[in-house]
């Protein structure tokens, strides 16, 4: 009783620490990832059509836009923000992108630049509303959502933008070496943003601002500039996503993306992001997006009606997050 | 010091006490992920004594206190009240057993007023049928809060000010006042004077003495060794999640305490 | 045999006499109109025998991408044929192409694609022409003299909505005595339709007529007019034929309804598809026609067949 | 320089303190209230039809459901929660309420009890998901939103519930002494909940849990029970609101309430509630709801197209919250 | 005490100092709503001295410090650095002027690791072009953080632990270490040892002395009078938002300090 062991956690060796840390980091994704794998295997058995290259690429292409926009949303959520305007802004970007092709004869790539620019501007607006006007993100982006949708209607005259050349479809329907172009873009975006968040100063500041904005400010971080930067970058991705969506349906759709924000927020949160800021990783978000997509795909393959699909999606959202929370608590409570 | 006689009387009673300890922890283990904050910690408080719980930063003092007040259920070990094992699964259980706590992280509701915080969980209701409907007697709570804070000598703008607007010391005063108002059997104070001014600190120590004289037990966590020696009857030292020593304050010096905390002295006298 | 004849998951067979599995996709689920389409489709399936209909759709007509994905998932599933109503003519064209490329024949109902491949038939009514007709009906009901009229549309930016609005305005243009004083959307929500109509009535106390472009819009507009105590004083020309709309026509609240023949669309879609698959019959488009339902003709046999279709006596001649 | 004045804020007299406190409490509502008054006066001039008893009662009745559900939402927001399921649950309550009347011959009042019961059950589900399963409110209620909508479609067969007796309209269209019944109910609900929040222990706990859940727990508040209670009470109001909405259109509409959650959250936040918990008052929420309703009403009266309406609503949301934040900052910074 | 000679040298230089103070506040007024936290506060630090800023709870110490470090722009009054008036509108401005601060409320990012917090706002980037892209050198930061914490004698599970998991004292050590690593001209410490153990407290005081010896100025807020007398060269007393006294530590006792704080003594010597 009178001797004291000195075996503190700090002396157990660097490597095992590193391993433990990796595991604890991966926990939040693990649940979603496990769910994804289970669902994947279940569907492979349940439907003979599921495990075909075509179907898997389809799922990839179908999920691309959601995944890209969910990536953007994750960045914003990490800063303790939220972006409700993603749907409107994606529609605005897609419609304007389609219009410059149809009316001004822009090439697909020039149009993509325009769409990205539209997204960036919307992001800048969101960022300035949050940082300069100090409007809470929920309200700032709710306003942008409403204004954005109004602008889409005004610009397009509330009519879809049709009559686009076939080349317009390349972004959404084209392939590289048999892999859908949209999937390639999604992978690039996800990897890029994941790298940015985990390995760079910009990412560090993003987490810091979400964790404690005042601490970040007192640490001399230019929080206005950086927070605005996050919104702009998110806007860029949303613009890109909107353009891909337009390209996939070969037209600019003024009604695109209604309630898209809920889907992408769900993807981020299923993937372990916290709406109270400071937490979230892209790999989790991507898994979350695919989890939702897989449920939808599987439901069609198994002939489950949309009504039951909605019930099932709800149950899966609950289950994924429940087990995630449960694991985290267990890990915190017992190791 | 005016209280020395009492302290002596108490401490004389202790070693041979037939009365079981009011609050006792045995072999408490508590893990957070892969960090083992408590590794079989023991702790004892008898009736009417002031026990200081000391230890290095990160020794596990706050964690031990949280298990004693029902915030963290322990992973292993048992807690006894008056000799009988109990399960504190919520803070309310501990409170019902008469244990009142000031936490190091204060745990106040920033948006609520000072008065509302003081009475949180024990609101004064209007008398009569309205009260049975849950109607608050806000005036009574304001007056009670003002009186309690006066006793600790805190200058606070108004008791209707939200806690968020207070200075560090003012917040701490509110937390201390809250525990002291409601204490019936054991008061646990986790570094209660860390942010307090000289005058307020003395007032808190006075209150602690009065509580002891009224037969209550006080557990005091502090890094201020002179303060510990001044106020406590007994000291228990926690080191790396275990009890490393139990000392009588009338037998030790500051240096002994420091030695015990840092591990150069080990004076655990096992009573069992 | 029941309607849902299961084939044990082995739907890949193209054996002409074997069981067939068809996907039937409305623009959106959740309206009386589409349920009638479903009834027609299932009736045809039942009559043909050994045909399974998989009915699935997105929840809102604006979810164009969702429908593209859905069609694609049906192609993946290798159904024998796809019968669907395009939420957007241009956006769904590639989806149709993909189905055809996978050797799955496609038939369109209600709304086609543009371009519409020659081997894909369309069983539909002309929204635009019917809406123009509705404007003429409104003018007739109101009679000569200057009148203020309003339009309750449902979802700006969706193609059906655009067609009906354009058609109605084109019709109005022929009547200079009719002035359009308000145009607001209901978002296919009865409460919203009621709200905007109430506000339009407030702003235009002399409003004489309303054209409401789909089921919830009609119901909300009728509610608002009734609540304002203007039943019968404001002429309502509506669209679709939900039970409360029919009741409104009977009570005189609603002057006329533009009623398509959704049963026939569903029936034709499945029937012609089955014949194509089994008998190699060529697929050819057909107009399923519209009916104008008024108090006077509501009890005629012909209208009854359209309003209360049953598989025993399908309105498909 | 060597004397020290003793004039601390605490010595300035109780009454002036009380006045100052009232003012500072009212600040958050003040901005919204000011905006409401300004808009009201502007509309009175802009449209001759605006300031008529008929129109004002119409606005009242149109806003009743939103205001009731926004009241429910405010309670949840004060606890640092959010309820995305309000639209689905209101639809479910309205549809089931209409179905029991049509199919089982229930009276309107019995049906209202059923609808309230449906809301309470949904609230209980939300509450248990949040407190027992520890799923964050956003996700818990997102799931309920999806499941609820699926159930509405399944129960109703995706068709509106029609053929109801005239008496069914009473709740939404009836009048008492010339005042719409729905308005009377709204006033009762708002006053009741405002009283509950500001004067009772239940209200105190609601704010405490939203401000610091852990502190509330350590103070011995039964946080599970109380938090669940808040969700149940919110569900009750949502059920009531759904029934009034159904009654107003004399039918059960499975599509009712899509994106209603955004409207009611906007009303609450415009009225000064904080999505980070601990703050919010019913007066503000009611003002927020009427502000939005007035914009929509005015836009129709002035024949502004939906497209511009959306832009204007967005601008007003921004402006209301911007000035609210600005005032609060000024008040905090300078007195 | 080893540092006395230096202290004396410094304090001799002061009264007749021709060199302007490194940091000076004049007539600072700061209001929060209707609470006037500062009512014309003055404050002076010269080069190479340790000044203690003391006062009762709620006297305005933390508020004064926040105006000096750019967190709260003052409503009235001016701040001078090396005699020249400056405007600190953000903490970055103060930092650029060489003022480094440990706040009473710590201001750490709970979700970030200990190492990330230590380097927050001053991350080490990889060398070469990758660094210019903002790529972090995480290893260097981990090592640097471990070394800095070792110096303060804190036992922390690992530098990759999120701050949220640390004990109260461990958190404070991180905050203190952060300020000390980066200080170049003035270090302001707002109750830096309130939650620290005996050993850690001594280490912090050692660091303060070393900083002073290296020519830096240190502002220390503390309620621990013996500590103030031990470490500080000079004391400024704040009372009700104003400077109530300026004292030399070699001339006063604890009782004098308490008297000054509570208002029974007023010893403001106006230099202007």
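As written, the chain order gives the labels A, B, C, D and E, with residue 1 at the start of each chain.
Keep this in mind: a residue touches a chain if its C-beta (ideal position, glycine included) is under 8 Å from a C-beta of that chain, and two chains touch if they have at least 3 such contacts.
In this text the structure is predicted, and so the values were computed from the model without any measurement.
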Check your understanding: What is the chain whose Cα centre is as far as it gets from that of chain B?
Key -> C
Point to revise | Leading chain pair when contacts are tallied as C-beta pairs | key: A-D
Study note, to complete from the structure: In whole angstrom, the CA-centroid distance of chain A from chain E equals 42
Check your understanding: Distance-wise, how many Å sit between the C-alpha centres of chain D and chain E, to the nearest whole number?
Key -> 47
Practice item. Calculate how many whole Å lie between the centre of chain A and the centre of chain C, each centre taken as the average of the chain's C-alpha atoms. Key: 35
Check your understanding: Residues of chain A touching 2+ other chains?
Key -> 8-9, 153, 158, 258, 306-307, 310
Point to revise | Per-residue overlap in chain B, given as positions that touch at least 2 other chains | key: 32-33, 35, 155-157
**Study point:** Shared-contact residues (touching 2 or more other chains) in chain C
**Key:** 29, 59-60, 156
Exercise for review: Over in the complex, which chain E residues touch chain B? Could you list them?
Suggested key: 32-33, 35, 55-58, 61-63, 104-105, 154-157, 161, 165-170, 173, 191, 194-201, 223-226, 257-258, 261-262
Review point. Can you list the residues on chain C that touch chain D in the complex?
Key: 29-32, 34-35, 59-60, 156, 181-185, 187-191, 194-196, 198-200, 202-203, 205, 215-216, 219-220, 223, 227-228, 242-244, 247
Check your understanding: Which positions of chain A touch chain E when the two form their complex?
Key -> 8-10, 17, 21, 199-202, 204, 207-208, 210-212, 214-222, 277-279
**Study point:** Parts of chain A lying in touch with chain C, wherever the complex brings them together
**Key:** 47-49, 52, 54-55, 58, 62, 65, 152-153, 156, 158-160, 162-164, 169, 173, 245, 248-251, 253-256, 258, 296-297, 300-301, 303, 305-307, 310
Revision key, fill the gap. Chain D contacts chain A in the complex at 84, 129, 133-136, 138-140, 142-151, 153-154, 158, 258-259, 262, 265-266, 269-270, 274-276, 306-315, 317-318, 321-322, 325-326, 329
